[in-house]
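What follows is a pair of complexes built around chain A, which joins chain B in one and chain C in the other.
Up next is the complex of A and B:
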C-alpha cells in the first residue's frame, strides 16, 4: 500500500529517487522538444484556440477526482481526448502544459516529479491513445457511434497504459517502501475503473464536437466530402446539406 | 488575466521585495529549492526543519501570514493521506508505539513522502502567492520557453475563465428550467452536459481568440515595463537556494 500519490496518478516529490526523476526528466524534455517541432505545422488560426481550449478543459476535468475505493480517488488524464481533437504532437504539449501549470501554480504534483508525470501522461498516455484511435479510424469514420466507441476504447487503453508506465518507474527507482506487486495490483485495478470514467467523458465530448463541428476533430481530418459547385436548377438538396457542417 | 479578475486564487497581492523580484528568478529558485529537498536523504531529520525555517523566513519577508499558507496547503491532502497506511503494511523490523506494531521501513517511507511533498507544496505556494499570472507568463517567456508554449499557456489561462463562465450559464439555465441541484447530484447533470459545455466554450473561445487577434495579440505577452533583470535580482533570488544547497550538503554528510 502506498500513498495516494500513486492512486491519483500524479506523483509528488520524493516518490521516486533522484536519479530516476532526473532520467525521466531528460526523456520528457527530449519528447517535448520533438513534439514542439512537429506541432508547429499543426497549429494555425483555427487550431490555436482549440489547443488552448482543450488544455483548459483538461485542466478543469483533472480537478474532478472520482472516488473509487474508500480513501482512494483518481482523476481523468485527458490524453486520448487531446490526441483525437488536436493530434498527438500538439496534444502532448497541451497535457505537459497542464502538468507544469499545476505543479508551478497549484502545487499539484511535485516539481521534480514533473519528468515522470509528463512521460506517463503527456507522452505515453497521449501517444498510446492516438495509436488506438488511428488503429480504429476506419470504424470511427463509418458512423457517429463508431467514433464514440473509438474515443471510449482509446481513453480506456490510454489510462491503463499510463498507469503501467508509473509501475515501471516505480520498479526502477521507487522510494515509497511498498512492494512492487502491491503497487501493480492497485494501479491496474484502480485505473481500469478510472479508465471507464475517462472513456465515458471522452466519448461524450468527442461525440458532441463531432456532431456540431466535425471539422475540428483531428482524427477525422481529410474525411469531409469535397465541396461541389452547384447551379440553380440542380437537384440534390440533401447532398449539399451533408457538406454544410464541413467547411474544411 | 483579462476577464474575470487579475489574480488567481493562490495569489496574495503585495509589494514586498519577494513580490517585486522578476518572475523568472523566482521560477528558477523555486525549482532548484525543491530539487535540493528531494535529493536530501530521508534520515537527515533536522535538515528538513532547516528547510521549513528557510521558507518561513521568505514568508516573513514577503508578508505572507503562515495561516494563509497552511490553509492553502491542504491542497496536498489527497496526495499524502494514504501514506499513513505505509507503517501498518510495510515489512521488516517493527517498532512498538502505543500498542501498534509499526514497520520501520514503512515509517521512513511515509515520512519521506509527507515531508518532501509538504515542502514541495509550500515552495510552489510561495511562488504562486508572490507572482501574478501575467508575471509568470512573462517569466516563462524570458526563460526562453518556446513561443508555441507561451501561446498555448496564455490561451489556456484565458479559456479557464471562458469555461467557468459557460458552465455557470448552463447551470443557471438548468435551474431556471426547474432543475433542483443539491450538493452531489449536480455532478450527474454536469457530466451529461460536458460535451455541450465543450462545444459552447469552443464557439465562445473562437470569438475571444478573434477579438484578441484584432486587438493586436501576436501570441506573446506584451512587456509593459522594460526593466531588465539585473545580476542583483539573481543574487537576491538565488540566495535562499544557496542556503538550501548548504542544508542538502549537510544532510548528505551527516546521514
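Up next is the complex of A and C:
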C-alpha cells in the first residue's frame, strides 16, 4: 500500500551514523531529566491534567499532514504550542512522550533516531518557541490578537530552527546521499512553508484556549494571578511569587 | 485519586479538549495529505519511488536509501493502521490519543506538586 510509507513523520534509523545518534541520545536523556526536575514546579492539580491533554492533542494534530507544495506536506511539530500552554519544561516532556508513543507503538521515527528526534522537536523546538514567545510576551499580554500573533511567530520560528537541528545532525554524522548545501536549502525552504501551517494551528489553538480558560495559558500567568494558596514552607522563590500575587 | 474535584467549568473544558483531540485523530486523519512531509521530501530528494510486485524501492541517489526498516515495523499499529488494514487510520489515531493521554497524564499527575491538604 502506498500509504504505508507516507505516514512516517520523523527521522528513521540510519540517516545519521551510530556515534551521532548516540551522542544526541545522551543529550536527549540529559535534557529530559532536567526537564523532569524543573517541570514539577509548573505542575499542580489543575495544570497536570491540562498537560496530559495537550500531549494527546499534539499527538492527534501531528497526524494531520497538510499540503505545502505539489507532492509535499507538513505537519505540526508542536514546540511553541506546548511551551505557550504548559511551559517549556513540561512542554518538552509532552513532545518527548508523543515521540516515544509514535516510535514504540506506531513504528514512526526510528528507535536509534529517537534521541535526534527528541533533541530537534522536544528540546530545540520547544525552547526556541518559548524564547520567542517570552520575547513577545508584552504583546501577548496586551490583547487576544497580540497573543495569537505571538503564538504564530513563535511557532513559525520553532519549526524553522528545529529543521536546522536536523541539518546540524546531518552535518555532524550524516549517512550521505545529498550534499549539505542541498539539505540546508531544502530543509529551510520547506520548513518556512510548514512553519506557516504550524503558526496557523498554534495561533488557533492558543487563541481558543485563551478565550475559554486564559488561566490555563502558561505564557500569560502572572497577568491575572490565580487564586491559589501556596504552602508557607516552600522555597523562597515560590514564596515571593505568592506574595506578588497576594497584595496584602 | 484524591484530588479535590475541579470545578465544573474546568471539567467541561478538559472534556471538550479531549473530544477535539479524538475528532482530529479519529476523523480528520482520513483527510490528511498523503504526500511525504518536509523531512521525507528532503531525504527522498534525488530518488524516485518505484513500485513493483516486490514492494517499493528507491532508484537514484538520496539520503533515504540509508534508512533502515523500523525495528518495530511488524507491530500491530505500525504506520498508524490496525494490523495494516486499509481505512483504520482513525481507529489507530483514537488508540494513540488515549494511550498518549494515559502516559502523559499519569506522568504529570505523579510529578505534580501536591497541595498541602493532600499531604496529611
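Throughout what follows, the second predicted complex is superposed on the first by the 212 of 248 C-alpha atoms of A that agree within 3 Å, B and C clash if a C-alpha of one lies under 4 Å from a C-alpha of the other, contacts with A are read in each partner's own complex, and residues count from 1 in each chain.
Please note the rule applied: a contact is a pair of C-beta atoms (placed from the backbone, for glycine too) under 8 Å apart; a residue touches a chain by one contact, two chains touch by 3 or more.
Predicted model, so just to flag it, every value in this text is computed and none were measured.
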item: Side-by-side fit of chain B and chain C on chain A, or clash; value: clash
item: Partner chain(s) touched by A:191 [first = chain B, second = chain C, both, neither]; value: second
item: Chain B versus chain C as contact partner of A:201, first or second or both or neither; value: first
item: Partner chain in contact with A:173 - chain B first, chain C second, else both or neither; value: neither
item: Partner chain in contact with A:25 - chain B first, chain C second, else both or neither; value: neither
item: If touched residues of chain A are counted for chain B and for chain C, the larger one; value: C
item: First, second, both or neither for A:146, with chain B first and chain C second; value: neither
item: Footprint overlap on chain A, where chain B in one structure and chain C in the other make contact; value: 1-5, 7-8, 10, 12-15, 36, 39-40, 43, 45, 48-53, 55-57, 59-61, 65, 71-73, 90, 93-94, 97-98, 101, 103-108, 110-111, 175-178, 182, 209, 212-213, 216
item: Interface residues, chain C side, partner chain A - complex; value: 3-4, 6, 9-10, 13-14, 16-18, 20-22, 24-25, 28-29, 31-43, 45-46, 49, 51, 56, 61-68, 70-73, 75, 77-80, 84, 86, 89, 92-93, 95-101, 103-109, 111-113, 115-116
item: Partner chain A, residues of chain B touching it in the complex; value: 8, 10, 27, 30-31, 34-35, 37-39, 42, 73, 75-76, 78-83, 85-86, 88-91, 105-106, 108-110, 112-113, 115-117, 119-125, 127-128, 133, 136, 146, 148-149, 151-160, 162-164, 191-192, 194-196, 198-199, 201-202, 205-206, 208-209, 213, 219
item: Chain A residues within the chain B interface of the complex; value: 1-5, 7-8, 10, 12-15, 18, 21, 36, 39-40, 43, 45, 48-53, 55-57, 59-61, 65, 71-73, 90, 93-94, 97-98, 101, 103-108, 110-112, 175-179, 182, 200-201, 204-205, 207-209, 212-213, 216
item: Residues of chain A that touch chain C when the two form their complex; value: 1-15, 36, 39-41, 43-53, 55-57, 59-61, 63-68, 71-75, 90, 93-94, 97-98, 100-108, 110-111, 163, 166, 170, 174-178, 182-183, 186-187, 190-191, 193-194, 209, 212-213, 216, 229, 231
